[in-house]
Amino acid sequence: MAEQLSPSHVQRWVDGFVDTVVEKSDYLTDLDRRSGDGDFGTNMVTALRRSREAMAGAEATAAGTLFQIMSETFLTHSGGTSGPLFGMWFRDFGKVGADAGGFTLAMLDEATRKGWTTVTRLGSASVGDRTMVDAIAPASDALTAAVGAGSGLEEGLRAAASAAREGAEETSELVGRRGRTSYVGASALGIPDPGAVTIALFYRAAQEAVGA
Amino acid sequence: MAEQLSPSHVQRWVDGFVDTVVEKSDYLTDLDRRSGDGDFGTNMVTALRRSREAMAGAEATAAGTLFQIMSETFLTHSGGTSGPLFGMWFRDFGKVGADAGGFTLAMLDEATRKGWTTVTRLGSASVGDRTMVDAIAPASDALTAAVGAGSGLEEGLRAAASAAREGAEETSELVGRRGRTSYVGASALGIPDPGAVTIALFYRAAQEAVGA
Amino acid sequence: MRRQFTNAPGDVVSEALEGFAAAWPRHVRLHDDPAYVTRADPARDKVAVVSGGGSGHEPLHVGFVGTGMLDAAVPGAVFASPTAVQIRAASRAVDTGRGVLHVVKNYTGDVLNFRIAGELLADEGVDSEFVLVEDDLATDTGDGEGPGRRGTAAVVAVEKVCGAAAERGADLAELAALGRRVAAQSRTLSVALAAGAHPGQSQPSFELPGDEVEFGVGIHGERARERRAFGPTSELVPQMVSPLVEALGLGRGERVIAIVNGLGATHDLELYGVFREVERVLGRAGIDIARTLVGSYVTSLDMAGCSVTLVRADDEVLELWDAPAATPALTW
Amino acid sequence: MRRQFTNAPGDVVSEALEGFAAAWPRHVRLHDDPAYVTRADPARDKVAVVSGGGSGHEPLHVGFVGTGMLDAAVPGAVFASPTAVQIRAASRAVDTGRGVLHVVKNYTGDVLNFRIAGELLADEGVDSEFVLVEDDLATDTGDGEGPGRRGTAAVVAVEKVCGAAAERGADLAELAALGRRVAAQSRTLSVALAAGAHPGQSQPSFELPGDEVEFGVGIHGERARERRAFGPTSELVPQMVSPLVEALGLGRGERVIAIVNGLGATHDLELYGVFREVERVLGRAGIDIARTLVGSYVTSLDMAGCSVTLVRADDEVLELWDAPAATPALTW
């Protein structure tokens, strides 16, 4: 059982994430249509496809390399609000894994916390505003707890993924206070925030990459 | 029987001309409507009314003074093509009568010939092009003949007025080759050219000013 | 429904002139009764360059009053010539004793009134010369009959080049010859996508079917002789540029000044797209675009459309084109 | 039917940029992949001033690249922010080691991407500061909630003043303070008579009844919160100017820079008529119009409309405003 995510784990993680989001893109776009302007899936797929092309040519020497590539790609082709925010999110994972041979759970905890800070600094969203932060925060808390409790990698990732999923699901009950969804108010109740759902998919792909 | 038009004759001449054109302005406009763009009467009346105002304040010391005023007024408020041409037409009468106590027949002949040259130089219309020139030319010829025959002022003016009237009437049979009427072609046949009619009114007013 | 920012439609020109002069106090002065615009800082001891014509073509001509271009501009009513007395007054005001060059777009009223002004000035001992701008290829009948080619956007080149030469001390005869040379070497074609509307009128001056353009349109809201199929810029622009090349007899290696001019309601994004196509067409023909001007300089109220002007250029013309100018609408 | 000169609608921006750069070879250079525009003749040893935003507002921002204004401009797609990587590339390209000032109109996407670019640059050791332009009084909610006032035509003043100060050697902190001061002292109100249309779309982005205007409109084709009665300029303009005076707390004897800006399809004749009314309203209030700019500088595609911007001005601001600039769209 791996205690860190090697570059090839990261490859599987990223591939899995891209595949799932591409597959669910119509669903995500529909969520954005009902709560924003209906371009979320398209924005994501464009950036993810380009990321895949960029990653295909690159040699992933460090754990963070692929995230660095995804970050650049998202920031280069950022559509809408989520593009640049995800670009900066991946960037923190890239930074933490920049010189490392693999991601330990502590590193994942650190990257998540940094990413959360970055997204909050840039987007000013707090927990409960119905944004991706509502999935990031519980994932971060779960990781910190797992590291504190000395949990293994798989266990920690499983906790993070399920916390993120729950956080995302709970956005269904939130009225938006940031981004376009703040314009539609209560009429988005009952469906989750697409950005939060995407964060949940990100952790699920991590969990699946280590076979957990 | 006067052998020259004194400043007060000129005053009567000009007053009579203004009154007639103002009175006939709807008719003239209608001629222009059927052969051009329908602003002839309006253009003339505007300039004539302003001329009358300008003349009211002026002291007519020389025979040409009132024509100088009319010329300036027409050139200042010239609408369309006829405005500036009439402005230059009056200007030649003003020049010939500039330093004189009255207009002799020979001076009227000279002014008419000069005016014809000016209008032709500026507008490039020949006899038969369906313009004011078709009234000016016969009036000029009549005046030159009268001066050559040693006719009196009344007789000469009567000849000029009737030659101008006939010239104007004959424009009904002409197809336009200058000005806007050239765009309507044969459809203006049957009605006279408003500019030519106005020249005829000009000589009729002169004739009436000396009681001929 | 076409609507505009105006008070009484009859006051549009006089109010705009007031606003214009108030906005550019360092460049121009507005004179009243009769109306004309002169440089705020009059030139000394040079031939005066004066132009004018109907209003509704702004920034032409008032926007080109200033150092290196016009000494005075004489605005008429919307699409109507200024009067001879206006032109005389403006010319008198800016004559320094070295004479006045009149730059005149070829329209019956403008020609008539400028010619008359020239005669009035001659009587007062003021020399003047007359340069006729007649660049609109769409009105080229080939024979000498009729009113001849209309004057459109090439007037900017004539004003710029003559203005610069006047500033350098050229005399009246030289300036007239130069202006005529530039005018003779200029051709323009214009295409409209939608007509403009006269101030106070809610209807544009013509309606176009959605699949056609008015090809060879003028700058007075009049229709063109021809309608052609609407299409992408890559199809429309060659139809404008190739006839200009042919009419000027431009050969490979020759240099031109290219002016892409908006007719009033066409956006800069479009104009730059059009210029890109002009460059491609001329590039294929091996013609060198030595200088460029892209923008809305000679408008036809709020007409949607653009014109392309080519001016054959030699070293002298280019040097004068490059000479400094400081006017409200053109400064370099 | 609204029609435009374009090829494929998706290529409008890139083709226009190509044409723009080709038209102004002495002023600008176009860089590709990612796209941005820099001065042809790069500045040395000064703080770089960089701006950008969606396209469709031309001549903003690319038209203000040149001596005395911007070192680089970063164009996004029509009405969409440029990306952070574009901004980073442009900023890197023009940084002389003294840092980069980002002038940003207040829109979520622009703010986000410029902020991110600032963070990316910081990681590379490039200093940057961020001046937010938020002048649109129509979006002033009074509380600090929501996205705040939009950034519109005041950006021209901020770019001009900061550009001049940078040219004189001001350091990054001074420039940021100056830019913020000018931005804080600027307010704008805009009125639309008809919406523009996105390239490739035949319908304008909204329809207006003939007797109403869109009051307090933005520059992205969006509707305003309010519709008011259409009327003569003498009635519309006071409704625009008086709230600006009040919002800025302008008192008698104070000086302003007044910008009357066309939104794309509004003719100069109209804009000058509007300026005349602005002058009258300010004259009655005893406010001194120290400087004026009238023209179409910050457009919203081919929207028919105009905006009025007032910028409270002191000696320093006026001196910087008057300093020379040589850019495609603004030169003096």
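Here are some notes:
The letters A, B, C and D name the chains in turn, as written, and every chain counts its residues from 1.
Methods note: a contact is a pair of C-beta atoms (placed from the backbone, for glycine too) under 8 Å apart; a residue touches a chain by one contact, two chains touch by 3 or more.
Keep in mind that this is a model prediction, so the values were computed, not measured.
Note on connectivity: the fewest steps through touching chains from chain A to chain C is 2. Steps from chain B to chain D, taking the shortest chain of touch contacts, total 2. With centres computed as the average of Cα coordinates, no chain lies farther from chain B than A. For the pair chain A and chain D, the distance between mean C-alpha positions equals 35 Å.
Remark: chain C and chain D have CA centroids separated by 29 Å (rounded to whole angstrom). For the pair chain A and chain B, the distance between mean C-alpha positions equals 91 Å. Contact topology of the protein chains: linear, an open path with no closing contact. By the definition given earlier, chain contacts exist for A-D, B-C, C-D. Against chain B, the residues of chain C that register as touching in their complex are 34, 80, 83-86, 88, 108-109, 112-113, 115-116, 119-120.
Chain A meets chain D in the complex at residues 72, 75-81, 83-85, 87-88, 118, 122-123, 179.
Here chain D touches chain C in the complex through residues 1-8, 12-13, 15-20, 22-24, 55-56, 58-59, 63, 193-194, 196, 199, 202, 210, 230, 232-234, 236, 260, 264-277, 279, 292-294, 296, 299, 301-302, 304, 306, 326, 331-332, going by the rule given at the top.
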